[in-house]
Amino acid sequence: MIRKIFHFILQQNIIILFLSLFIVFGIFKGDLFLNGINLHNIARQISFDIPLALALTTVLIVGGIDLSIGSVLSMSAALTMGIQPTGTYFAVLIALLFGILIGFLNGILITKGKVVPFITTLGTMTLVKGIMLTYTKQLSIAGKDESFTFWGDGSIGVVPTPIIVVLIVALILYIVLKYTKFGRNLYAIGGNPESAYIAGIDVEKNKVFAFMISGFLAALSGVLLASRLNSSTTQLGLDSTNWAIAAAIMGGASMAGGRGKVFGTVIGVASLGILINGMNLIGVFTYYQIGIRALILIIVVAVDAVTATRIRENLQLQAYGKRD
Amino acid sequence: MSESSPLLWMKGITKVFPGVRALYQVDFQLEEGEVRALVGENGAGKSTLIKILSGVYQPTEGEIFLNGKKTVIDHPSDARKMGIAPVHQEVNLEPYLSVAENIFLDRQPTNRFGLIDYKKMEVDASFWLDQMGISINPGMPLGMVSIAEKQMVAIAQAVSLDAKIIVFDEPTSSLTQKEAENLFTVIRKLREKKIGIIYISHRLEEIFRICTTLTVMRDGQVTGNEKIENVTTEDIIRMMVGRELKDMFHRKRCYVGDPVLEIKGLSVKGILNDIDLVLHKGEILGLSGLVGSGRTELARAIFGDLPYQKGEILLNGEKINVHHPSESIQNGIALIPEDRKEIGLVLKQSVMKNISVTVLKKFLKFGFVDEKKERKFASEYIRQLAIKTPSPDQEAQFLSGGNQQRIVIAKWLATNPKVLIIDEPTRGIDVGAKSEIHELLDQLACKGMAILMISSELPEILTMSDRVAVMYQGRICEIVYRKDFSEEVIVSFATGQKIRPLQKDVVVC
Amino acid sequence: MLQTVGKFIINYPSIIILVFLISLGAFISPVFFTSRNFVNILWSVSVLGIIAVGQTVLLITGNFDMSVAYIVGLSGITTVMLQINGANLITSVAGGLAAGVIIGFLNGLIIIRTNANAFLVTLGTSALVYSINLILTQSKTWYAQIDAFLILGRGKFYGTIHYSVIIFLTMAIFVQIILRRTIFGRSLYIIGHNPKAAKYSGIQVNRLKFGVYLFCGFCAGLAGLVMTARTGSTVANAGVGLEFDSLIVSVLGGTSLFGGKGGTIRTIIGILILGVISNLLILLNIQYEAQQIAKGVVFLTVVCADGILEKKRRSS
């Protein structure tokens, strides 16, 4: 029985949620929901959230959290648009490097400054936001290179380009997390830092890398959004962080660290995307949607905490030599 | 590198922690194919020595030579590269990763693309698990296997490292007899492969069976290096405690009075099973059993920290219902927990605040705490229990283990308890301070306090207790009376080799 | 005497920063060192100050509340809406305070029941409160109807200091006494240091934690009233940014993010430091965006110093 619970918890049933949302909206709003244009829109919409949720998944695996991803997103979008006159892809490169740099800063402050990830990334969030507001002078920046919109706004066949890009990135991240020592070490660090340390893993270095990946993915999201809108605004990424936290935890990551799955997170984002789309189709007012999103975050975080406690208790039960 | 240089030579190792000198000028040698027992009481410095060897701590002074070559071990990964493999305790494993990954953490086999080859890893893991004589699915998450299996996984991890030196730290503490036999076979095989083995254990009979040499430590120093055939159990104990057994603290026998605390059919799902226990006035009841047998949980349940589903607790014949430690305090039940630093004390608060926390109500004046009264009260306890502190305002973290334990005792004596539960009263405490704590417990029992003492140390259980309740897998499997006291009897019950039907709990004293 | 001053400085090291900043200000701007300017500084920080009192108490127990910012909006909106619907002064003020306490209740309930991360939960309730604010205001500005209410924000005690400043200072001092001298207060520090040890000492950890969340909600609610009374109107995101600022000033004053250390008197110093900095930046005509960067840098510096000091303390 205990094993079954444990299995159930480890094998997050996010897919069931995904399918049931799909079916519910399919039945009640079938004509609007299940048509090609709408599904195309959902796919495009979630492709900007997936990198953010993956960023959080990566840091949650090492037992951290990154609140700065929203700010990084908006700054990298601003950089992509702002430097575009110098060279479209040079600008993209700078934007991505900026994300990696902030990730590095987060990692260093957390490992060397001995500050908990919450606080550190809250600080960098404010800092990056300040930099962004200064850089943009609180104005929107319009794109100059029309061809660049292909990455965010274009399609290959019927499939939106950005979803292809992020799925390729997700696949790479999946391979890194599942099939490389580096990836497994991240899980080890989050699961039991002490054990990772005595197994000879450089805990601090790996943590810094995890935050750099997070910064990179957040910046990628910003680049794609800039491409989609062909402009950057100061409002980008404002509430994305909460959303990404909810998606990552729904996908199997935990605040307790040591767990998280690329596939689960992608499905988590997709489920939330369908939910938002469905609410729009039904005609739920924006203000209520904000509240519903907040409730989802609260519920997800609370369930995660209760689950983590239960797992801990089950592990304790195991310790009493019950071999069922 | 000369022919005669030993495999390992730790020379003149001293380790100083703030306020404590854990090791002083320790010399330790190990040859190829040697199984060297490292014995000593808790706090003698064995673990510190091993942590220095495995790169977790750096020595304050001293040098380490491997095969005659001077070496600095900066990090656990260095130790591993040099072929030093400590067997970790099961808490130092990864609960969410598979058994196989735990064995091969950070050295998983890879295919030609540099990606982890899970199939090969599980096959390799099965090989090592077979060697240990256990059959578990290597793909299963570690969190799902039993504690003994975890212990075997930890051993498999160390053995699979292809190391020159393997350190076993109390490897049999959670193993059954059969599993322990498997382990001994493995150790013999390792010995034939010329691997040097350090074997730490409290169980002397094991040491006589599988070790070839012996090093005894006491108070951070080496007190003896012998060939195993040249020593007797008495010799070892003398070297460990520094005096003859008859010099150790012996309790004054005391009158045992009426029942104070009665526990009837207490059950906590999956942890405690139908516990019946009676604790009498003026009695010290020892509670023995393996780690994980439910001893600490029984204490927590009585103290109101662990909700129980069935059974009742009677205090002086009246049923009490405790849901929170604050209610236990009102009822006169006190618990001195095993983990003094994390649970017993607030390390960063002053000695005074630690002592007075349970009785702050006494010092209220118009709703405010009167610090003068509080200080006077705390000073009184500091004097009574001879707590060595420069002032009542010193932070508890700067005091030695023995003095910290006295603070915790003071904090609970202040509440005037009828029942005192004390979990591992002398863990991590110097030998001298140990017998002082024992004496204190004896005095308290003589004054009529009912004491439930949990301990892993058999000598402590045997010298201090009036009766011993032995727990096994969440049950009390036997109550042993003073006339029947022996290490063998208690160990055989604690390891589940002997299970007798429960007798009615009567006192003969 | 000198010894007392020395001891004071050791206990409150941030006072040095404050003195330095004030001297710097006096040096830079002739306007700075005037009583009028000081009254203004105090007035400008009093809303933040009232929030920070609640936040500091939470930090002492090792908890956070990120929802204080939108509670400020919610309490103002509730009060104004009640007034618009004809409620009298007392009822409308009580309504605003109750709104804050209810959100505190929600935070506390979720956190003690599920043992979830306080930071994330309050981040969630923060968004939830924001949506309530939006729904109530429909993104419009709403104006207070009762003139007497405005005294809370604009009125001065015999023309010297604003009432809001007096409220803030009184609360800070009063709470400090409770923290230091009552069983309740003493227990909060123990919870912050080590909740497990607190429970094993018979302290009702969850109950007290819950109480502190209520108090923090109350403080944020009160701050919302003061803010609304000052401007005479309110909007959905009236208090945005104050959650971050309340953390900054608490830590600047010397309250540790690790729990168990700090006090509300310290927070007064932290508040004054932030107030003086903002004042100087305004006097020097430095833009809002740059202030944002400065805040981020100050925050990161202070928390890193806190973290490194904490580690040193632990290892020594």
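Here the chain labels run A, B and C in written order, and each chain numbers its own residues starting at 1.
The criterion applied here is as follows: contacts are C-beta pairs under 8 Å (C-beta built on N, C-alpha and C of every residue); 3 or more make two chains touch, one makes a residue touch a chain.
From a predicted model like this one, the values you see are computed outputs, not experimental measurements.
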(message) Looking at chain pairs B-C and A-C, which one is connected by more C-beta pairs in contact?
(response) A-C
(message) By mean C-alpha position, what chain is farthest away from chain C?
(response) B
(message) Quick check: how many Å separate the C-alpha centres of chain B and chain C?
(response) 46
(message) Using Cα averages as centroids, what's the distance between chain A and chain C in whole Å?
(response) 31
(request) At least two other chains touched by the same residue of chain C: list those residues. (result) none
(request) Spell out the part of chain A that touches chain C in their complex, as residue ranges. (result) 65, 109, 113-116, 118-120, 122-131, 133-134, 137-138, 239, 242, 245, 255, 286-295, 297-298, 301-306, 309
(message) Considering only the defined contacts, which chain C positions touch chain B in the complex?
(response) 177, 181-183, 186, 189-190, 193-194, 196-204, 260-261, 313, 315-316
(request) Please name which positions on chain C make contact with chain A in the complex. (result) 64, 110, 113-117, 119-121, 123-128, 130-132, 134-135, 244, 247, 257, 287-297, 299-300, 303-304, 306-308, 310-311
(request) Over in the complex, which chain B residues touch chain C? Could you list them? (result) 18, 303, 305, 324-326, 328-329, 335, 337, 342-349, 353, 357-358, 360-361, 364, 367-369, 411
(request) Could you please specify the touching residues of chain B with respect to chain A in the complex? (result) 54, 56, 75-81, 86, 88, 91-97, 101, 105-108, 110, 114-116, 141, 143-148, 174, 270-271, 292-294, 473-474
